[in-house]
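One structure, as structure tokens, below. Some questions next.
Going by the order they are written in, the chains are A, B, C and D; count residues from 1 in each one.
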Amino acid sequence: MRSVVPDYLTEALGDVESDTSGEPAGYIPELAVADPERLGAVFATVDGQVYGAGDIDTEFTIQSISKPFTYAMALADRGFDPVLAKVGVEPSGEAFNQISLEGDTGRPYNPMINAGAITAHSLAGSAQPTPAERVERVVHGLSAFAGRRLTIDEAVCASELEHAHRNLAIAHMLRSHNILTEDPRTVVDGYTRQCSVLVTTRDLAVMAATLANRGINPVSGERVIPEPVVRQVLSVMFTCGMYDAAGDWATQVGIPAKSGVAGGLIGALPGQIGIATFSPRLDPHGNSVRGVSLFERFSSDMGLHVMEVPAAARAVVRSNHVVGRGPDAIRVLQLQGGINFAAAERIVREAVDTAPAEAEVALDLTMVYSIDDVGRRMLLEVVRRLTLDGHEVYLVDPEAIMPDPEPGNGGRITVVGDIEQVVHSRIR
Amino acid sequence: MRSVVPDYLTEALGDVESDTSGEPAGYIPELAVADPERLGAVFATVDGQVYGAGDIDTEFTIQSISKPFTYAMALADRGFDPVLAKVGVEPSGEAFNQISLEGDTGRPYNPMINAGAITAHSLAGSAQPTPAERVERVVHGLSAFAGRRLTIDEAVCASELEHAHRNLAIAHMLRSHNILTEDPRTVVDGYTRQCSVLVTTRDLAVMAATLANRGINPVSGERVIPEPVVRQVLSVMFTCGMYDAAGDWATQVGIPAKSGVAGGLIGALPGQIGIATFSPRLDPHGNSVRGVSLFERFSSDMGLHVMEVPAAARAVVRSNHVVGRGPDAIRVLQLQGGINFAAAERIVREAVDTAPAEAEVALDLTMVYSIDDVGRRMLLEVVRRLTLDGHEVYLVDPEAIMPDPEPGNGGRITVVGDIEQVVHSRIR
Amino acid sequence: MRSVVPDYLTEALGDVESDTSGEPAGYIPELAVADPERLGAVFATVDGQVYGAGDIDTEFTIQSISKPFTYAMALADRGFDPVLAKVGVEPSGEAFNQISLEGDTGRPYNPMINAGAITAHSLAGSAQPTPAERVERVVHGLSAFAGRRLTIDEAVCASELEHAHRNLAIAHMLRSHNILTEDPRTVVDGYTRQCSVLVTTRDLAVMAATLANRGINPVSGERVIPEPVVRQVLSVMFTCGMYDAAGDWATQVGIPAKSGVAGGLIGALPGQIGIATFSPRLDPHGNSVRGVSLFERFSSDMGLHVMEVPAAARAVVRSNHVVGRGPDAIRVLQLQGGINFAAAERIVREAVDTAPAEAEVALDLTMVYSIDDVGRRMLLEVVRRLTLDGHEVYLVDPEAIMPDPEPGNGGRITVVGDIEQVVHSRIR
Amino acid sequence: MRSVVPDYLTEALGDVESDTSGEPAGYIPELAVADPERLGAVFATVDGQVYGAGDIDTEFTIQSISKPFTYAMALADRGFDPVLAKVGVEPSGEAFNQISLEGDTGRPYNPMINAGAITAHSLAGSAQPTPAERVERVVHGLSAFAGRRLTIDEAVCASELEHAHRNLAIAHMLRSHNILTEDPRTVVDGYTRQCSVLVTTRDLAVMAATLANRGINPVSGERVIPEPVVRQVLSVMFTCGMYDAAGDWATQVGIPAKSGVAGGLIGALPGQIGIATFSPRLDPHGNSVRGVSLFERFSSDMGLHVMEVPAAARAVVRSNHVVGRGPDAIRVLQLQGGINFAAAERIVREAVDTAPAEAEVALDLTMVYSIDDVGRRMLLEVVRRLTLDGHEVYLVDPEAIMPDPEPGNGGRITVVGDIEQVVHSRIR
């Protein structure tokens, strides 16, 4: 049997192939000569599986898609406060290359417009890197996201530098506000090198999957950035990633995303998947025409919109029953599914409503699929309160899905692998 | 045992109570005299449980919190295209009462600023309602979201109308662009009535929970708006709901939200919960000071940020084994957890990698918690391909969690309640 | 002999007649049906002569050309400070109907954009006029500028009111800032009546000539507004009168001007002439196409640009000679031309350089054409200083061109009609 | 006797001396250390007289006051069209250092803001100067305006270059729009040198007087720029010279002006005077506090506002009488004062109204002070028409004030020095 995913991708590419609208970026010759027919799409799952169709190993320059990753590096290297002091997080509703800075401070609105991205580049690396060290830190970081050593397209880089007037204008303006504190040309030079890093569609999908996978590259297994940084980067991609089409994208596609002028486009769906497409023809917003079509289709076909309310699921409390009788009776709450706040609340409610008369209570996690931090804390609090009410509490957790099962503050719990263990111990 | 949730809420209110910064809205006397010490918070779950602490039954005017709900009604009553033609979805990065319309068309940027909200009000109801009918449709709709009949505070409404100059300015401007097509004063009158609807914090939480619950009021069970509308409304709340602080909110809280000038604040977390807070003192953005603090705490404590990547979970394929032997052997894939695209992809991969030699294959859904549409479609496609490869396929689904288990196109499946049924049938 | 001026005007009209570019205003039917071929031009001199060619007695609505005149009335009726507190004088570089007000105060940028003109209308008349009284004051004032009783085109007015949404928007916005302090609809109603006043090209030229003639209608002789108001109004017309084409007009035409959407256009050259043209087709800025061409020609042909440096003129000191001899000798400075600051300075210099040895000094004004206030004061100071130096000073001023010839502070002067009088008196 | 002008200046300086509000420019140390008490004022007349009081020979850097002069050079060196294609003439209502360019073209709004001034600098000199040649052309040109060789303050220049980030930003932005076509740093370097030219208050007054004197330096007698350029420069100074306070200045002072950040301020009143003041403390608009006060006083005291309507003057037709009788009678129109369009029109009217019966007509210019081009042409047209009507026409012009007295097209005129010549010739 063949996997359905490659077939799906091939079919999707076939459907958009006939759309030849838009134009490749033409501001430098190196981009203008790109083959406009190139077309590729890749899915990378958070457990490291990569599916692709089309031109998935063709190299092109990463361009603006480097922005969220370098922003992530700046946050990781410097901490949130120093970065937020210099780059905001507000959508500006403007095109990528506008010089619009916050009135009094000169702070760029967000790290997805060039002003913010240039500033973020300047904040990558330890406190006082040389320009070369900083570029190396950025290329190294992008490589870690991609899971292979990436290189710079020196020809594109040289050509971009010759046409970098607007970025130089932005950088000098940032320098005049002390948002940049060094020679603006050096920073623009480094930023241009960052944008000239060569990637394939496959690389981009893995990079996006690293964001979807809480900062751990799912192929290499390397932790590339800390978890809190991931949340920040995904939020900013969601509200600011598609420039002046941010609202359209947020409503219709609903996936944190970023596009690049060479035709790349990535999306990262938290906990599920990284997606990348490549097609050089751009719409007037500067986004790949076919790339946008593909993402609209992926989102719609696969329910990937972050505001998609999941279909109603089974009750988290699968059963609430008593095993045994009389003084040996055990109240068993058999749980199932994933336990987040909403599920934990339901379990708490069941425990309260039941007000178990039995001396022993077991929470059976055998069929529980996942449990997040708040779910864990709420369950342990239930355990603690049951203990204080005089109950003996058991946690049936054969695969130890509950980390650190310690209720604290007077709570007490016995972890067992099987409800039978409790029953049998009672009988003895 | 007492539930942990009310305790949590009470503690959270206690922590913010000492913050008396900010000022109640003072543009009309009726709001200025509000007791600034009022403080309440309510959680409403998607299965209809309501928890509260503080002043949860004090009535106040809904104000701008009516905006997402009326937008939802307009989308439901008129369809997406006519509404999108008149109100955009782009964040404007501006305060709520700016008259900034799109240059050529005069279309308001989004339905969360007054210009867009006034337009959305004008689009509520069937094609040609009288103004009174339209107000009734809106009040009726808000009541359906709240689950009880709401009323209008006529004193606030009258006072607001006396101070409605800016809204009248906006409405006349919209009329000049033919975004409004009737007397601007009539529309502003109706919009002001909409904003003067009295709600409690409890009401607001249920209203938010209705959005979190795919449009069905979890208390009354009534479907208030269709599902596709919910996704649109939540997306717009996420990117535009907090005015010029949208980016801060998106990164730090990460819950689709909306605030009102009377001190209310709601958040709706898809599939989990509706939250409402009430405290009249406002920050310079016009958002409740303590309300914002409470939401920051809720989001952080409970992992409610939509970009929060869920903790790693158990593998969806719990086991892949063979029951029986020889020609009677059955390949069983025992699945667990929730099946969305990412999980389905993992199942597909397991099926492909296994390339089962057995004539019969069973997919065991007994421990599956939820399955969404794309998950269902992908599983059925696996079934179809296995059929075409010559396998006999069984679906073990004791609680019928898979809707409409029909693979189509040459696929065939037998649904059973227990794997034993298959085994036994084979023996016979 | 026929005057050259009508011939010149006729020739000028003939030259622009073939230009049929542009479109009449079409926002109300009454303007759209105007005969686009109408064409007229009128010159009105500051001594009341009126020359015209073409359609000079066709009535059309005054529209925005009423703005400078109503601004003049507001300044005259309320004084400068109250008006400047509510309407600024800065060019906004924007189209006439933008709602752009100063950020903090809501003050319109200037009285030539609608927001400022609506505010100026509200400030016309004594402190608390009824709306009807205010309209009557405005119509009465416009009539005084024109020198005949003007009337309102009720059909245009009614139609404009039906399409006044943008002005109503502006007025409500002004009301929200307390720039307007009464019902915005009443003010817009009055403003619309003001704009619907019927004028002919002849009327407009006389109105402009009243501004050119220091506020006195040169035909009727009536003082319509005080002199300081005229300077203010002309300055604002120069910098803000032509909307977003203000700079082009200031450099190429250089005459304080104002256009109206019905096709009228006026210019007022201080001390010389009022000009009006009429041709309904408008350019994209909303200015009459042929009207602009005519003004460019008039300015160029006649050297009317206010920054035109006048050709070098004769020396203001025509001769400096001695009449008589010995102790009877009189030093005579024979002056000529106009005496403004620059000329007076030259006279002062002559007096200083000469350091007259003669006991008697005569300033002969017989050939002096005009003398302004600073010229008068400087001449009298020369007289005073000569007196203090021991001279006897005579002013030869047969037509009493020097008003109030009193040097003060120890100065003394004898006014005579003829230098011979002095000579003869000496002989006696 | 002492001239009144120095006394007046001294008194004016004394009156503003106590105002110590404002702050010297502090963005570079060299400006910050300027003695804030320095105070000077100079008048330079169009015939080359220079009056001063206070610190009139202290050197300071010219800064933005160089802008109108370099703009003049660009217009003179390249012609109007190439310059207007790259720099507009519209007031922007913005501070001097905003990067606001026209949307589509990137053209700076006007040459008084930095973007326009940098562009104007790039257009000075012949088509392809080296940067050094261009700087020399600018310094040479400024020197010609001042009447002495000016030098560059190298220390200020070096310091400005270190802080030129905003200008570099502007220049790179201009480069990106191809408004600049060479290395932006080279242009900013040259522009900074231009701004670092050292001048005294005396120099600035002579420079302004050169503009007031139609482009001829009234001290050196050198023609520095052509007349049409002067009109353009003065117009732009009037509407754009004082940045975002342009409207206040235009209404209250009414003199084309320009200020510099080192404390200089110039004004040029066409045909009369150049004024300069120096006082380093600046108001929030960046204009010298005391300088603005002095100009307000000068304008008010001396009636220098360009919109000041001159006081009513004597009639241009001093008398209209007949000399001699019967067939020998001569109709004499004795004219006086200055003959511009308005005066010429009055003369035409007199000639038409009189419809002289006499065979001979004399226009007596003996008491005419000045005559401009349109006045000359209209008088000659009167002569031509009188000739065609059968009259013999004489021009009494003892000092040949009428240039080229040739009516053409059938007109004929006899120029005489004295009306007696005509009378006597008749008698003979």
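The rule is short, and it goes like this: contacts are C-beta pairs under 8 Å (C-beta built on N, C-alpha and C of every residue); 3 or more make two chains touch, one makes a residue touch a chain.
Keep in mind it's a predicted model, so treat the numbers as computed, not measured.
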Label of the chain whose CA centroid is most distant from the centroid of chain A: C
Chain centre separation (chain C, chain D; CA means) in Å: 21
Inter-chain centre distance, chain A versus chain D - centres from mean C-alpha coordinates, in Å: 64
Per-residue multi-chain contacts in chain B, two or more chains: none
Chain-to-chain touches, reported pairwise for every pair that qualifies: A-B, A-D, B-C, C-D
Parts of chain C lying in touch with chain B, wherever the complex brings them together: 99, 165-166, 168-173, 175-176, 184
Residues on chain D engaged by chain C in the complex (per definition of touch): 1-5, 43, 45-47, 49, 88-93, 109-110, 212-214, 227, 230-232, 234-236, 238-240, 244-248, 250-251, 254, 256, 269-273, 301-314, 316, 336-338, 340-342, 345-346, 348-349, 351-352, 355, 367-374, 378, 381-382, 385-386, 389, 399, 401
